[in-house]
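What follows is a group of structures, each given as C-alpha cells.
Consider the two complexes below, in which subunit A is the common component and subunit B and subunit C are the respective partners.
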Partner chain A sequence: MANNQHEKEAFRGTGGLLLTLGIELVLYALIMAIFLDHGGTTLIIDVILAAAAIVYFKRNHALADKISATLAANRKAAWIGVIVLLLAVPFVLQASAYWLFIVITAGLFMMACLGLNIQLGSTGMMNLAGAAFQAFGAYTAGLLALNYGLPTWLTLLAGALVTGLFSILLFIPVLKTKGHYLALVTIAFQFMVVILVENMEWTGGPQGLKNIPLMNFFGYSFNEPLNLGFITLHKYANYYYFTLLLLFALGIAAHRIYHSWVGVTAATIRDDEVAAQTNGVQVNKWKLTLFVLGNCFIGLSGAFYSHMVGFISPPNFAFDKSLVMVSIVILGGMDNVLGIILGAFLLIILPEKLRFIQDYRFMIYGIVLIVMLIFQPRGLLPFVPRSYAELIQRYRHKLLQGKKAQGGQEA
Partner chain B sequence: MNNNKILYTQDLSIHFGGLVAVDRVNIEVQRNTILGLIGPNGSGKTTIFNMLTGLYIPTGGNFFFEGESLLGKPPYEIARKGIARTFQSSRLCLDLSVLDNVFIGMHPRQKHWLTSAVFRRSALAEEVYQAYEKAMHLLNIFNPELVKRSSEPAGRLPQIDRRRVEICRAMAMSPKLLLLDEPSAGMTPEEITELMNDIRKVQQESEDITIIIVEHVMSVIRTITDHVVVLNFGRKIAEGTFHEISHNPEVREAYLGKRG
Partner chain C sequence: MSVLDMIIQQSINGLMLGIMYSLVAVGFTLYFGVLNVINFSHGDFFMLGGFMALILYGIADTLGWTQNVPLLIIYLFLGSMILTALIAIITARICVKPVSKAPMLISLLVTLGLGIAIREAVRVFYPRGSDPKGFPTLLPQGSLSIGNIVIRYENVIIFVLGVLVIVVVNYLITKTKMGMAIRAVAQDGEAAMMMGVDLDRTIDITFLIGAAVAAVAGIMNGFYYGQIMFNMGAMMGVIGFSASVIGGLGNVYGAIVGGILFGLLETFAAATLPMGAENKRVFAFFIVILFLVFKPTGILGEKVYERV
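Right, the complex of A and B next:
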C-alpha cells in the first residue's frame, strides 16, 4: 500500500531517479565546497541557501512531499548514491588532510552518539558522562596495546566491552535517580573519572599515554598512505574508510533495534515507567541492558580515537565533550538514527569552519540547545513512527513461497 | 468451590503516614464474573488496584491470585501472572503509535530481542507478523477506525478511542484478570453505552476472563456487574448484587452524604 502511494505522488521513472541522484550530488557539492574553500564565503552562501530552501518548502508542502516520495521510491538508488559519494570523500579532500581528519572526528562523535541515543533518546536515561566512558574505551585500548601488544581488532573490542562492563558501576545510582538527579549523578561520575585518570600512575597521570600503536590489521598498517594503484590517498583515508564501515554497521544495528520490540520497550520505559511495569516490562533489566549497550558504542569510539591519534590525556575526555555529545543527540533528534548524523555534522564540522567563533563555541552550543528545547524538543528531524512494514512484508513473502512450494508438491 | 475464586484478599490494608487509605478489606472474586467496585471519591478504589498490581505494597493483610499470594511481588511479575489493568487517567504513551501501545501489552510473551533484532530478522519477522495480526484483531473489535489509524500517534485519537486502545493493550496480555479503573471518566452518555458494549466484547473475546471495574456511573454497574463491593473511607461497607446494595441504607447514606 505504501508503495502505491509513492508511485502516485512521486516523480516517476528515470526523471525520479535523476532527481534523486541530482539532489544528492548538489548537496554533496555544496558541503564539500565548504571544506575546500579556505575562507568562509561558501559556508555563508550554503547557510543562506539552506534557509531559503527551508522557507520555500515550508510554503510548498506539496513539492516537498513529492520530493520525499521520490526519494522513498528510489530508495535503493539513493543509498547507492550516498555510498558512492561517501567513498569519494577522501578523493575530494585529497589536498586537505586536515578536513579529512575533522570528518573522521565527526564520525567518531556519531558513533558515540548512536550509543548515547540508545540511552537518552530511546530510553530517556540522561548520560552526561559520555566523555568519561570514551576515556574507559581509549585507556583500555591504549594500555592493552602498549603493555601487552595486543592487536588492534582485539583492543577495539576490549575497549567497547570493558566500557560496557564499567558502566555497571554507575548503574546503581542510575536506577535510584531520575530526571535532573540522574543528570547530576552522571556529571559527578564524569568528574570523578577524569580526576582519577589524572592522578593514577598507570594511566600516565596528567601526561596521559604516548606512542599508542596506530591501527594495524593483520599486518596492514593504517599509518601508510592508501595506495590504490591509480592514486595514493593520505593515510587518514584508511581511518576514514574504517570509520565509515563501523558507522554503517552500528547505524544499521541501531536502526534495527529501533524497529523492534526493544525499541518499543525502551520508548515505553521513557514515556511511562508505570505503564511499562504493569505490562510486564522488567524496567531495571532493560535500563541496564540498554545503558551498557550504549556505553559499548561510546567506548568503541574512544578506543578508535586512541589508535588513530596515538596519544591520549585527561583533557581529551573532559566534561565539555560530554556536553557536545548530549547536544548532538538533542539537536539531531531524540530516538532518531539519521538525526545523529545531522547533529554531529552541525555541531562538529561547522564550528571547525567557523574558527573565528571558537572562543564562543560553547556559548553558541548553549544557545542552540535552549532554543531547541523550547521550540523543537524532539530535534530537528521529524519523529519517525516505528514501522513494521518491512518485517511483515518479509514474513508474508515467506508464507507465500511456502504455499507455492506446497502447491508444487501436491501437483 | 475454592477453585472458582480467582482472587481474594485477606484484611488488605495500607496507610500513608497517618491516613488509612484501605482498611482490612476482604474481597472475593469469582472466576469469569464482573465485579463492580464502587464508593465515593477517595474511598480507596484506585489504591486497591495499585496494591493488586504491585505498585503499592500493602502495609497489612494479603491477597491471593489463583491460590498464590502475590504480596510483595514486583509489578512486572504480577502482570506476567495474568493481571492487567487500565488507569483512571489514561497512561498511554501518546507519542507512540497506536500499534506500539498495543504491542507493549504483548511484551511478556515476546521471545525475540536484541540478537534477533540485529542478526536474525526473519525470526523476528514471524513474531512481529503474529503480534500485528493479533493487535489488528483486537483494535478491530473495539473500533474498525482504529485499524486504519494504527500507525498514528495515540495522542491524536479522541478520548474514547484512547480508552479503547488502553483496554486493547491490557487485553493484548491475554490476562485472566482485568482491572478497569473508571473507564467511563469524561465520556458522554452515548460513549458510555458504547463502552459497555466494548466491555461485553472483551468478555466474549476471551474464554477465561474475570473483570473488576471501578465505576461512578451507576447504569454501567447495574448493567454489567454480577456482584458489587462498596467502599467508604477505605472500608468495605456492603456487598451483594446491584439490587441488594442499592437498597442498603448505609450505602445510600455514604453516597448521599457525599453528594447531597
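Right, the complex of A and C next:
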C-alpha cells in the first residue's frame, strides 16, 4: 500500500520526467565540474551545496519524499538518463585523460567491492584480504598473458576463476572462525600472500611483472585511441566503456542475487547463524559459495587492472588497499549497491582531487574515516531491511504453485 | 656448529624477539578485556614509542646531556612511555571508547583508521619522515661467546628489561587496587561499576599501561635493529594481535606466552626452512591461522560457549 501512496505524492507527467532528468543533469554537472576544475574551488562549492541539501532535506521530509517518489515513478526514464550521462563521460573528460583513468580505477574498486559486499554486507563474513585476492587475479592474468600469450578474454576469465579456486584454500578458517578471529585470519592471509609474491622467482619478486600485454579483444586493441568518426577519444575511453559494461553486468548479477533466495539465505546467515542452521539453511555450503563468488569478482577486477596498466608489483596489493575496499563497503552502506558507488566516489576519486594537500592526504583520510564511522556508523546510505511482505508478493505464485503441487500429491 | 648449538642459539634469538612481541601483545589483551575492542592502532603506539625516544634524544643531544648514558636511557624510556601513553589516552577517549559498543566491524575500522592517522602524522610532521631513521646506539656493544653460541650484550639487556617490564605489569594487575579494577571491568563492566569502580578512569589506566608497555617495545626495537620507520607499526600490530590470540585473548600470561612463541617460530623458520629468512612471517602466520582454526581460545584461554 505504501507504494500507492508514494505514487500519489509524486510529480506526475511531463513535469515529473523533466524534474527527474533535471536532477540527474545538475548532479552530473556538479560532479564533472570537480574533474574539470584544476583547483579545488568547485570541490569546496560542491561540498557546501551537498551539506546544505542534506540539512534542507532533513528538515523538509515532504519534499524529499516527493522527489524520491518522482524518481521511482519515472524509473525507466531515470535509468536511460543515467546510462546516457555515463556514456558521455569520456566526451566530457576528453581533455583530461588522467581523470578518466581515475574514474576507471574507481570503477575497478566498485567491481571488487560488489564482490566484497556479497561476503561482508550480505553474509557478514569479514574479508580483509581483498587486495591479496586481487593479486591472485592480476598475477594469473599477467602470467598467462606473458608466458603463454593467451587472449584477453581468457585471461580475465582465468583471473576470476583462479582467484575463486585459491579462496577455497581458506575455506576451513572461513567456516570455523568469525568476528575478530576471521578478521585476523584474513589479515594474516593478506600479509602471507604479499610476502610470498615478493619472494618468489616466477612472480617477478619485488620488481613485479612488466610489459603485460594491454587489452586486446579479437584483434581490436584497447591501446589505440577510440575513433568514432566524428571524434577521436583517448585510449582510456575503451577501458572506460568496458568497465562500464562489466559493472552493469556484475551489478545486475549482484542485484539478482540479493533479491533471490540465495540473498535471503545470506541474510539469515548474517543475522543469526545458529537460527539459520536450525531452520535448515545449509550454512557451510552457502558461506563457502558466497565467499568464493565474491572473490571471483575481486579477482576479475585485479585481472582487469593488470591488463589496463601493464605493470603490477607487490605494493599494488598491500594491506592498505584491502582496508580501502572494506571502508568503501562500510562507509557507503552495507548490502547496498548504490552505497558502494557513493563510497568508491568518496574514497577513490575525492582523495585524488585532494592532491593539492598532497602529503596530508592519507592522514586526512584516516581522520575522515574515524569521524564518519563515529557519527554515521551505519554508512552514508544505511541498508534498508528487507520487506518480507514484498518478498512474499514477489514469490507468491511460486509459493502457490508449490502448495498446489503438494495438494495434488496428497489428493 | 652442532644441531644443539643451533637450537640454543636460535632459542636465545627467538626469546629476544619474542619478549618484544609479548610487550605489544599485552596491550591487545588488556584492551580486549576492558573494552571488548581489538585496537588495531596499538602497533602504531609501538612505533610512536620509538619516535618519541628519538625526539627526546634529539632534545638531549642539543642540550648536551649525553655524557651519562644510563641516566640518558632511563630518561628516554620514561619520557617516551609518558608521552606515548598520553597520546594513547587522548585518542582512546576521542575515538576508541565511543565505538566500543558498536558492532565489531565499526570498531575494527575506526581503530585501523586511527592507526593510519597516527602513522601518517608521524610521516608528515617528523622531518623527512618517509625515510628510515637511525636510532642512537647507547647500549654496550660486543658479545659473549660460550662455545659456539654468541650472545650480544645488547640482547641480554633488552631481554632483562623486557622481563622486568612484564614483572611490573603483572604486579600492577594482580596486586594493586587499579589492577583489581581492570580485572573487575574485564569480567563484568556493569557489575564493576555498581561496586564503585570508575569505568572511565579504569579505561584510561588500561590504555596508559598498554601504550607505555608498547612504547618500551618500540624503543627496544630501535636499539635492536638500529633504525626505525614510520610504518613499522602496521606489521607489529598484526604480530601483536596474533600473539595475543595464540596465547588466549584476554589473558595477560597468554599474551606473553604467545609473543614468545611467535618469536621462536620466526627465528626457527628463518634458520631451518629453505628461503626461511624472507618467508619466516609466512610460516608464523600460517601457524597462527592453524591456531585460530583448531584452538581459537589460544593456549591459556578459557573455553567459551556460544550462547544462543
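By our rule, the second predicted complex is superposed on the first by the 355 of 411 C-alpha atoms of A that agree within 3 Å, B and C clash if a C-alpha of one lies under 4 Å from a C-alpha of the other, contacts with A are read in each partner's own complex, and residues count from 1 in each chain.
Definition applied: a residue touches a chain if its C-beta (ideal position, glycine included) is under 8 Å from a C-beta of that chain, and two chains touch if they have at least 3 such contacts.
Predicted, not measured: the structure shown is a model, and the values here were computed from it.
Trainee: Identify the partner contact of A:Asp359: answer first if only subunit B is touched, second if only subunit C is, both if each is, neither if none is.
Mentor: The answer is second: A:Asp359 touches subunit C but not subunit B.
Trainee: Going by the contact rule set out at the top, does A:Val274 touch subunit B (first), subunit C (second), both, or neither?
Mentor: both
Trainee: Is A:Asp65 touching the first partner subunit B, the second partner subunit C, both, or neither of them?
Mentor: In the superposition, A:Asp65 touches no partner, neither subunit B nor subunit C.
Trainee: Regarding the shared-chain residue A:Glu224, is it in contact with subunit B (first), subunit C (second), both, or neither?
Mentor: In the superposition, A:Glu224 touches no partner, neither subunit B nor subunit C.
Trainee: What is the contact status of A:Ile367 with respect to subunit B (first) and subunit C (second): first, second, both, or neither?
Mentor: Touch status of A:Ile367: second partner only.
Trainee: Take the contacts of subunit A with subunit B and those with subunit C, and give the residues found in both.
Mentor: Dual-contact residues (subunit A): 274-275.
Trainee: What part of subunit A is in contact with subunit B in the complex they form?
Mentor: Listed in rising order, the residues are 253, 256-257, 259-262, 264-265, 267-268, 271-272, 274-283, 289, 293, 383, 385-388, 391-392, 394-396, 398.
Trainee: For a test of understanding, state which residues of subunit C touch subunit A in their complex under the given definition.
Mentor: 38, 95, 98-99, 102-106, 108-110, 112-118, 120-121, 123-124, 234-235, 238, 241-242, 245, 249, 275, 278-279, 281-282, 285-286, 288-289, 292-293, 296, 306, 308
Trainee: In the complex of these two chains, what residues of subunit B are touching subunit A?
Mentor: Per the stated touch rule, the residues are 53-55, 74-76, 79-80, 84-85, 87, 91-97, 99-100, 103-105, 107-108, 110, 112-114, 116-118, 121-122, 124-129, 132, 151-153, 169, 173.
Trainee: With touch defined as at the start, can you tell me which subunit A residues reach subunit C in the complex?
Mentor: Against subunit C, subunit A makes touches at 120, 126, 172-173, 176-177, 179-181, 183-185, 187-189, 191-192, 195-196, 198-199, 274-275, 319-320, 323, 326-327, 330, 359-360, 362-363, 365-367, 369-370, 373-374, 377.
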